[in-house]
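You will see chain A twice below: alongside chain B first, and alongside chain C after that.
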Partner chain A sequence: MSRLRLWLLAVGGAGLAALLAAACLELPGFGGSRHPYGDRAVHASLSRHTANTIASVNFDQRAYDTLGEMSILFAAVLGCVVLLREARDEHRARPEPTDVARPVRRYALLVLPVALVTGLYVIAHGQLSPGGGFQGGVVAATALHLLYLGADYHALERVRPLGVYETTDALAVSSYLALGAAGVLAGTAFLANTLLPYGTFNTLSSGGAVPLLNAAVGMEVASAVVVLLAHFLDQAVEIEEEPGRGTP
Partner chain B sequence: MHVLPYLVGAYLFLTGCYGLATSRNLIHAVGCLAVCQSATYVLLLAVGYRDGATAPVFSDLKPGSRPVVDPVVQALTLTDIVVGATVTALLLALVLQIAKRHGTVDPDELRELRG
Partner chain C sequence: MSDALTVVVLLLVAGSATATVAQRDPARQALVLSFLGVLLAALFTVFQAPDVGLSQLAVGSVLTPLLIMLSVRKVRRRARSEEGTE
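Up next is the complex of A and B:
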């Protein structure tokens, strides 16, 4: 790296550091008691019988932003699928089954159902306890991949028909949209949580549309992570370059 | 009034920027971008903190019995993490294709365009 570039970086970095430090000094003090937006969010969440305020912010007060977030996730998965497809000068090779150390196999297969149920629990209780669709979806999707550690790639591929997960991904995004549009058809606003009864506080069915939107997000994240990991694993395990084509 | 948590966020961001600018490996650069992003998590959570407060989850907490931290920035952090993870996945997919087509992941060696 040239000396000029390092100097430029040092000058720019020092300037940025000074600006950031000045900005930090002007921020409201750390740990202060004045959080007007937070207080209002908590109030709104309690008035709509949602015990987990963060779920209420994500799926009720800012449900429209979460739609954008979901679309980013969907678009990124789509981009990865396109980027990591099998190219013309590549072919698929069956990976050889390999021996897995017995303790690894035993514990992976032992933990798999526990992890899967934990993921589903975290999704289902998103409106009550810490967690929700995003977190639980990742846990549930990772749980499936314990099969790759405990058995082999072929076993993973058998429980993971990729087309089903791709379809589920798209269906979950559409169901989020449909839930939003249901509000419009019923005469309220898009994604306004006024259609369903709010239920009893601190039960699974509380919060109006929050559990449904949460479940849609959980489904989308779980299948998106499965599809993403499948394409990365395909690259690492299955797809090989045609012999005779040297890397330029 | 102390500002140390905010300064930690700023420090993390600058560390990530330094790594991005001096990186000789694209995978390392993607990691540096993740460091930059974690600076925003620290900053957001620090902004939302309230002294002596607990998580804004009322399944086992009587509303009003204790102060709770700001849930809005916590939700923003969750959004941030999700977007960060998807961006990392997309960038790693790009790096994979660059490594295949050009045979290198050093950004300084990727000078000419190739179809």
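Up next is the complex of A and C:
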């Protein structure tokens, strides 16, 4: 039985290795300045007035892939919320406020607004400069948690009404779908970037639907990360098992 | 010049990745992992992929270590409370 398994593994591995080797032989050289796909992507992105070609690939040429990635994050966070919920044999114990070392407090409260604005900036300029909804969303969401370092968990809970973030998460995913469906209703195709004017090159409103889809992803990622961290923090700080009923 | 930079960053990434694997305590491992995340972000930037670098900086050096440390805290707290009840 185990020999059969080994053979199966060997055949599968050899096939994968052969296919990978064949694919690698056809790759363009490493570190070259030209690439057939790159040239086409840059051309398409410039013709739609999107300064950041990566944003054009993510939210225009391959907007459908981004929808998939967004759904993966949404489903993953949903799964974590279900797994980390407060179970029947657990209760919440409010953590005692503790003293925070003064340099830590000062640093956290100083960096928090800077990090938050940086995150929002990266989201807003996704179609112009490196970054975008995903990167900026993670930065903005983690920046909020500096409040936990600088003050305590109670302070963080007060600026983080969880229901609002959960709703925003779902709304952002729906708005991405709605923006895609708008193309179908207008008679072109799902997520086709043909509805909105392309605007002036290298301005915030350029790129047609790219800034809108980017903003939807930014909202989704920021609220998804906040919800995810909230449930991890609840488990690490607040939720306790009932004494005597712990798992054996 | 840029070749030398690439080699230096690659060596740094290899070194810190080895240090991450060699570290046995999960909480410390999370800290070394976050350092590795910063170096990987530098590597992606040297390879002219600043978008991926930013993702790596946000997820690899902040979010993942934070989730690991929170999980470690939960597990340790649980072990401590079980010791207390027995």
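The rule we apply is simple: the second predicted complex is superposed on the first by the 214 of 248 C-alpha atoms of A that agree within 3 Å, B and C clash if a C-alpha of one lies under 4 Å from a C-alpha of the other, contacts with A are read in each partner's own complex, and residues count from 1 in each chain.
In this section, a contact is a pair of C-beta atoms (placed from the backbone, for glycine too) under 8 Å apart; a residue touches a chain by one contact, two chains touch by 3 or more.
No experiment lies behind these values; they were computed from the predicted model shown.
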Point to revise | Per-residue touch tally on chain A - higher for chain B or for chain C | key: B
Review point. With the two structures laid over each other on chain A, which partner does A:124 touch: chain B (first), chain C (second), both, or neither?
Key: neither
Check your understanding: Is A:235 in contact with chain B, with chain C, with both, or with neither (first, second, both, neither)?
Key -> both
Practice item. For A:108, select first, second, both or neither according to whether it touches chain B, chain C, the two together, or no partner. Key: neither
Check your understanding: Which holds for A:227: it touches chain B only (first), chain C only (second), both, or neither?
Key -> neither
Exercise for review: Considering only the touch criterion stated at the top, classify A:54 as touching first (chain B), second (chain C), both, or neither.
Suggested key: both
Review point. In the superposed arrangement, does A:134 touch chain B (first), chain C (second), both or neither?
Key: both
Exercise for review: Mind working out whether A:215 is in touch with chain B, chain C, both or neither, as first, second, both or neither?
Suggested key: neither
Practice item. For A:142, decide between first (touching chain B), second (touching chain C), both and neither. Key: second
Practice item. Identify the overlap between the chain B-contacting and the chain C-contacting residues of chain A. Key: 52, 54, 130, 132, 134, 228, 232, 235, 241
Review point. Which residues of chain C touch chain A in their complex?
Key: 50-51, 53-55, 57-59, 62-63, 66-67, 70-71, 73-74, 77-78, 81-82, 84-85
**Study point:** For the chain B and chain A complex, residues of the former touching the latter
**Key:** 1-7, 9-10, 13-14, 17-18, 21-22, 46-51, 55-59, 63, 67-75, 78-79, 81-83, 86-87, 89-90, 92-94, 96-97, 100-103, 114
Exercise for review: Name, in rising order, each residue of chain A that touches chain B in their complex.
Suggested key: 1, 5-6, 9, 13, 16-17, 20-21, 24-25, 27-33, 35, 37-38, 41-42, 45-46, 51-54, 56-58, 62, 65-66, 69, 72-73, 76-77, 79-80, 83-84, 87, 128-130, 132, 134, 202, 221, 228, 231-232, 235, 241, 247-248
Point to revise | Residues of chain A that touch chain C when the two form their complex | key: 52, 54, 122, 130-132, 134-135, 138-139, 142, 145, 225, 228-229, 232-233, 235-237, 240-241, 243-244, 246
